[in-house]
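Take this structure, written in structure tokens, and hold onto it; I'll ask about it next.
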Amino acid sequence: MSAPFFGDLTPLRYEGPETDNPLAYRWYNPDQVVLGKRMEEHLRFAACYWHSFCYAGSDPFGAATLERPWFGGDAMDAARRKADAAFALFDILGVPFFTFHDRDIAPEGGNFGESLRNVRSIAELLARKMEQSKVRLLWGTANLFSHPRYMAGAASNPDPDVFAYAAATVKNCMDVTRELGGQNYVLWGGREGYETLLNTDLRQELDQLGRFLNLVVEYKHRTGFTGTILIEPKPKEPTKHQYDFDVASIYGFLCRYGLEREVKVNIEANHATLAGHSYEHEIALANALGIFGSLDVNRGDPLLGWDTDQFPNNVPDMALAVYHVLQGGGFTTGGMNFDAKIRRQSLAAEDLVAAHVGGIDTCARALLAAARMIEDGKLAGAVQQRYAGWQNPAAQAMLAGKESLEAIADRVAQGGIEPRPVSGRQEQLENLVNRYV
Amino acid sequence: MSAPFFGDLTPLRYEGPETDNPLAYRWYNPDQVVLGKRMEEHLRFAACYWHSFCYAGSDPFGAATLERPWFGGDAMDAARRKADAAFALFDILGVPFFTFHDRDIAPEGGNFGESLRNVRSIAELLARKMEQSKVRLLWGTANLFSHPRYMAGAASNPDPDVFAYAAATVKNCMDVTRELGGQNYVLWGGREGYETLLNTDLRQELDQLGRFLNLVVEYKHRTGFTGTILIEPKPKEPTKHQYDFDVASIYGFLCRYGLEREVKVNIEANHATLAGHSYEHEIALANALGIFGSLDVNRGDPLLGWDTDQFPNNVPDMALAVYHVLQGGGFTTGGMNFDAKIRRQSLAAEDLVAAHVGGIDTCARALLAAARMIEDGKLAGAVQQRYAGWQNPAAQAMLAGKESLEAIADRVAQGGIEPRPVSGRQEQLENLVNRYV
Amino acid sequence: MSAPFFGDLTPLRYEGPETDNPLAYRWYNPDQVVLGKRMEEHLRFAACYWHSFCYAGSDPFGAATLERPWFGGDAMDAARRKADAAFALFDILGVPFFTFHDRDIAPEGGNFGESLRNVRSIAELLARKMEQSKVRLLWGTANLFSHPRYMAGAASNPDPDVFAYAAATVKNCMDVTRELGGQNYVLWGGREGYETLLNTDLRQELDQLGRFLNLVVEYKHRTGFTGTILIEPKPKEPTKHQYDFDVASIYGFLCRYGLEREVKVNIEANHATLAGHSYEHEIALANALGIFGSLDVNRGDPLLGWDTDQFPNNVPDMALAVYHVLQGGGFTTGGMNFDAKIRRQSLAAEDLVAAHVGGIDTCARALLAAARMIEDGKLAGAVQQRYAGWQNPAAQAMLAGKESLEAIADRVAQGGIEPRPVSGRQEQLENLVNRYV
Amino acid sequence: MSAPFFGDLTPLRYEGPETDNPLAYRWYNPDQVVLGKRMEEHLRFAACYWHSFCYAGSDPFGAATLERPWFGGDAMDAARRKADAAFALFDILGVPFFTFHDRDIAPEGGNFGESLRNVRSIAELLARKMEQSKVRLLWGTANLFSHPRYMAGAASNPDPDVFAYAAATVKNCMDVTRELGGQNYVLWGGREGYETLLNTDLRQELDQLGRFLNLVVEYKHRTGFTGTILIEPKPKEPTKHQYDFDVASIYGFLCRYGLEREVKVNIEANHATLAGHSYEHEIALANALGIFGSLDVNRGDPLLGWDTDQFPNNVPDMALAVYHVLQGGGFTTGGMNFDAKIRRQSLAAEDLVAAHVGGIDTCARALLAAARMIEDGKLAGAVQQRYAGWQNPAAQAMLAGKESLEAIADRVAQGGIEPRPVSGRQEQLENLVNRYV
């Protein structure tokens, strides 16, 4: 059943690269086997609730432009209509997963208890809908940034009551996520940062955040939740500075609070670039540090300084991201979540569907390219060969800490070591990549 | 004695804010007591060797513009003339410290041994000069980025021989630094990063870096060097991405390799802003994490995307940086090093002197402003009051991990906790700061 | 009379730099004579309607935080209460001017006619209030960016009906501005740009914009409006690219459509920096091109990529901006409009007042510094001396086009001309500036 | 004949997308007819002299890494060896054009006359080589930025002798360009800007620049040079601000000095992005303003703030640039010049060749994609349809200035015009583009 908003759209089909049908997949063929695994299992796509069903098209300089049949009227009733539309889109797209914030699915109530009951009530509706649909829950998360109470942070708020309120909210949202079979639980600290250092005690706020995350991890273990706890880095926006700036910052934070084996990262393309990193850098670094978890796939505009959350459309760029995911072993509990929103002028239902089609096809085509890179092996081979000297036993010993600085210095002085530079072959490797995309 | 380059300039004097003399201090009065300590002891200024005595005015699009009497001729002879000029300037400025890279003071030799002897020979000259001067060594460092052998990294080079060469070079430079009474030893990893991920093994390179830094720390302890080992963060430039991106990244790196109690950071203003942070953010974060060490004082141009290393000249900006240094207890072994270079068009000897005068006065005036902030106490008081709720025993218990997520959730649900937002008073605090500057 | 929101605040007084009163002027002393003119006449401050009375504290990730007594209820009734509050603040601040968009003062109606009547009705109320107050209208402007009809541009919309609607709206707003004695009329083309080139006909859109502006100028002359028509540059945000990118772009646009003697620019600090320029650059360039009109004073955050519109607080920065205004002869019909908004967490009425106090004092102190620069004459003298060679008659002839390329080449070849570089003295001039601030 | 540097490389061949040969063209097939024209005639590739034959691999933090057999020894002799290598590469690549600065081909002499003779002497050598080769000259240009005499500008220098020296140099370089059959003459004002406004007279410098460009244009006409005079925009670097900031700025400048029909622009990808614009924006704007001339093809790194001048490698990005070139009618005298340099670590001759191969193939593949866009017509059709309302006679009349603001306002008020927003279809158009690339 399709909600009326999407007209008579039926589930999209794979029709191959030559199709003229704008609402068919040209590259995403869920059952196609790539590197020994079905495409769907590789990519684990998720549609998100917030951008697609809550965003009304406003921006800081303009009012809502998107008219949706599920907007307006009694808030809980609207939430139920929204769920209808969401599941209709999930089914049309055929994505295996979805994601949500508690506030996306159910309205804020008049007090904590009512908010909790609203979420629980809609969660029960979602559970029933999930029985009728193939879509599963990739992750849930609590919105700890939109309500004014969080304006100065949730876990890092100067008011301990806000910390407690946020903690209670997360407990509820973790419960719901667990009950809906969520495979991960995500924290994005949109207000966990500061607007001005002038009113901020950095050390205190970091300690609060560390405690908060430990509460979450302890609760996960106590409740037997087997999903992964994920933090999503973002450097700034809405706040001037966010503590979860990037993967490297989060790793340090996790170490400081004893969590580096408990928590992983959900990396978003647009947040990577806002932090001054490429998407593939963040993925590769998370792999290197052992904290890679999941992806938010979207794109920013490299010429704009805010989070545009556009649907991805550049295959060569995405291919490198997927390549690093595959090099790290692929997803376990994670997946590719479209934290991507249609443009404010994309008013039509067809725009919303087409945006996902384009994003999904971009990723699928990127997977095919990345698989070719891996099957060919030339790219990885070039890297391996570049570091081949470190396979030498003496080099291994030095790296293992079996040689002191003095000993090394003696060896250099007496061995007549005078290293000669070797080409990095960057352009040749770039050309090589262009063979696959 | 003044080298002829500086004409008949004698040591600069403090003449107060009203003087018309462009080559006198208007704010820097070394013996003036501020917050119970002499200005000189607070600020611990250092002049640097590289920008002031090695930079010849070239940029990526243009040739050298600065003609210096110590340029040219036999390289070791030039190095000795350069030392004369350097100590002449140190004496004219009256700064208590200087800093250098091995390559600044002595030329590269034809092989490792000759380079080492060149450095050692000039170091002996510097030692003799230091006996005649009041200037001391704030820190030494090895240049592991200019020579082509380091083009793909020093410690993080794919070639283990380069790692060894760099290690041997650092050993030598640490020896010289220790012998000259250096109070710190600095590592700036200008090439410890990558140009393209396509040819890079991130994990391998991080492990190499971790080993390298451990070698340095072990050697420090073995030789009884009592100075501080410092890493200087910089996010990019010359490479596309440097592992020592910022204070938060370095903290994670130190934790990963067991060094968070051994190594501190030397924070540069221009590197902070290139990484997307304010100078005071990096200082405050280093304080919060317990790794604050020393400062490179300069400024970037917020509208340019590279390291301009300009002399600081904005007192309100610098006052906030100094305020955070003071809030963290002030410098111990660290100081304020002018990693700042005159503009390419500033051809005259007077330009070089005046640039330092301006930078030093900016910092001195900033110190006076910061001291007023501290003496008045209103700024710190406002912060303290904002977090006052956390002094509450229940809040303290929650922060100390004595309450589970479930217990907190119960307390919120049953206690009717509904936090009310409180003004952050940002503009009022900004106005307050403007009273002191 | 003060609206209740501001408690019992009475008009702010000048109390001098030493006062402890956070709601007194420390530097702004309207009657103080500077360079032969009263401070108030130099600075011509304006408070704006939109940020101070319409902004409710929302941002792209969070809901409204600011509760104002004039929000809510019947829209026209709210507009009247808002006018009360606005004039209360104008009187408390003692600013000589205010500014507004039509949509700030009166709500959108159900159709064009009703919107027009709403604006006209409130304009009459403002006229009555202006009789009771000393505040005058610096400029009016039409909001052609918030309503969904403008989502793809106003004058540059692909739909000619939107062009017509915008034109009709501007006519009405110009009428109201003229009737209220406005000294300028401003156009800010927030949506005059594109989101994607893929759906854009650049040439067509520029021609539409050119026509629109000519309509405005023709109407101005026909109605005898003696104010200045101003365009406000902004490079991007809300759109990806705006045609009024910066002062240089606008100058080219004006030339293309024959308007370079008819229209001037209203330069905003935050828009300058978003375009990659300093505030003083844009002012100096507008002066050089003869199109300087007025200023929006605020500041951006150099580390954030969007328009933060913060109140200015850095005196040295502002002093250079004011210096260039004074060098260009000062304001005629223009002034300094606080297009600046309090932070989302600044909930209290006192925050709104204090923010203006801080901004006003920053500008006043900057004026005093700029006046010292001008009175001293050293800065301008240094510039004049640098170009002194061009006063030479031969140089003047060459600049006047009296010498051909061949003749110049002959003169160089035969005259043995080999120019020698001369120091640009940048640091010395920066130090000089620091004497005045 | 191949210079020994390139070993036994023979002219590269087109081998099609499936070849494994890293030094063959996979997409560039000069004789392949696309949209009725040979690929070679569409793309008009040029190799540049400076990056490929003058760059030695240094960067602001490191020494030269590239050892070239033509470096070193007597300067004129080296220049001749360099010419051998250059023509060897031109022949290997099979590009139809090359480009140079005077200083690239011949060394600075001891005085103006000697520099001139050096250039003339090597130009004669190039003329002889061109007789043996198929390569022609796309454009010449004078280096007015590297020598210290230009540190404060060439045409915009405070010293009129530098203006004269630059003018004489340009005359000579124009003569040589004309004599070598150059199809354009380019000016890039690398130092035509300022480092600090504190020592700058903006208006004076703009007038100098305007005069300089008029001298060039007058000389062009007097000598019967039929090529195009081109300005290359760049916003900053090496200076803090350059007057030729971007296409829009240059258009205004040309109008101011009466040159908008005489001079066109040479647009570089990396300069576009440094100015905050996409490459295709600058091309489309130049088309709209009637000043499109030629292209420097390269790419920047969107995460780095300086001119990296990398070889292009992203086909979808380049396809949009080529699409706009074709939409504007394609090149006349212009072409695609590889103002692109190999990375500092790309030491091998093969790297230099491969870099060009990759760049050329990227552009060729982009041409094929752009041709598909044009042949299909859907993209242009969507734009045309979006503006279809403007074909309406009433809309045309309004645009033509036949309706006053009052008349339009009346029409809106009485006609009940209430425009309804229409979808911009951005994602659908992005998906459409992905069908072609």
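Lettered A, B, C and D in written order, each chain numbered from 1.
One rule holds for everything that comes next: contacts are C-beta pairs under 8 Å (C-beta built on N, C-alpha and C of every residue); 3 or more make two chains touch, one makes a residue touch a chain.
The chain list, named the UniProt way, goes like this: A, B, C, D = Xylose isomerase.
Everything numeric here is computed off the predicted structure, so don't read it as measured data.
Student: Would you say A-D or A-C is joined by more C-beta pairs in contact?
Tutor: So, comparing the two chain pairs, more contacts are at A-D.
Student: From the C-alpha centre of chain A to that of chain B, how far is it in Å?
Tutor: 35
Student: Would you kindly tell me how far, in whole Å, the mean C-alpha position of chain D lies from that of chain A?
Tutor: 39
Student: I need the residues of chain B touching at least two other chains; which ones are they?
Tutor: Chain B, residues with two or more chain partners: 65, 148, 151-152, 195-196, 236, 276-278, 303, 343, 345, 421-422, 424-426, 430, 433.
Student: Mapping chain-to-chain touches, which pattern fits: line, ring, star, complete or other?
Tutor: Graph shape, chains as nodes and touching pairs as edges: complete.
Student: Inside the complex, what are the residues of chain D that reach chain B?
Tutor: That would be residues 57, 59-65, 145-148, 150-152, 190-191, 195-196, 236-238, 240, 274, 301, 303-307, 343-345 of chain D.
Student: Any idea which chain B residues touch chain A in the complex?
Tutor: Listed in rising order, the residues are 111-113, 116, 148-149, 151-152, 157-165, 167-168, 170-172, 195-204, 206-208, 211, 214-216, 218-219, 222, 235-236, 241, 245-246, 248-253, 255-256, 275-278, 280-281, 284-285, 287-289, 320, 324, 379, 382-383, 386-387, 389-390, 392, 394-395, 398-399, 401, 404-406, 408-409, 411-413, 416-422, 424-426, 429-430, 433.
Student: Going by the contact rule set out above, which residues of chain B touch chain C in the complex?
Tutor: Residues in contact with chain C: 22, 26, 65, 273, 276-278, 302-303, 311, 313-317, 342-343, 345-348, 350-351, 354-355, 357-358, 361-362, 421-428, 430-435, 437.
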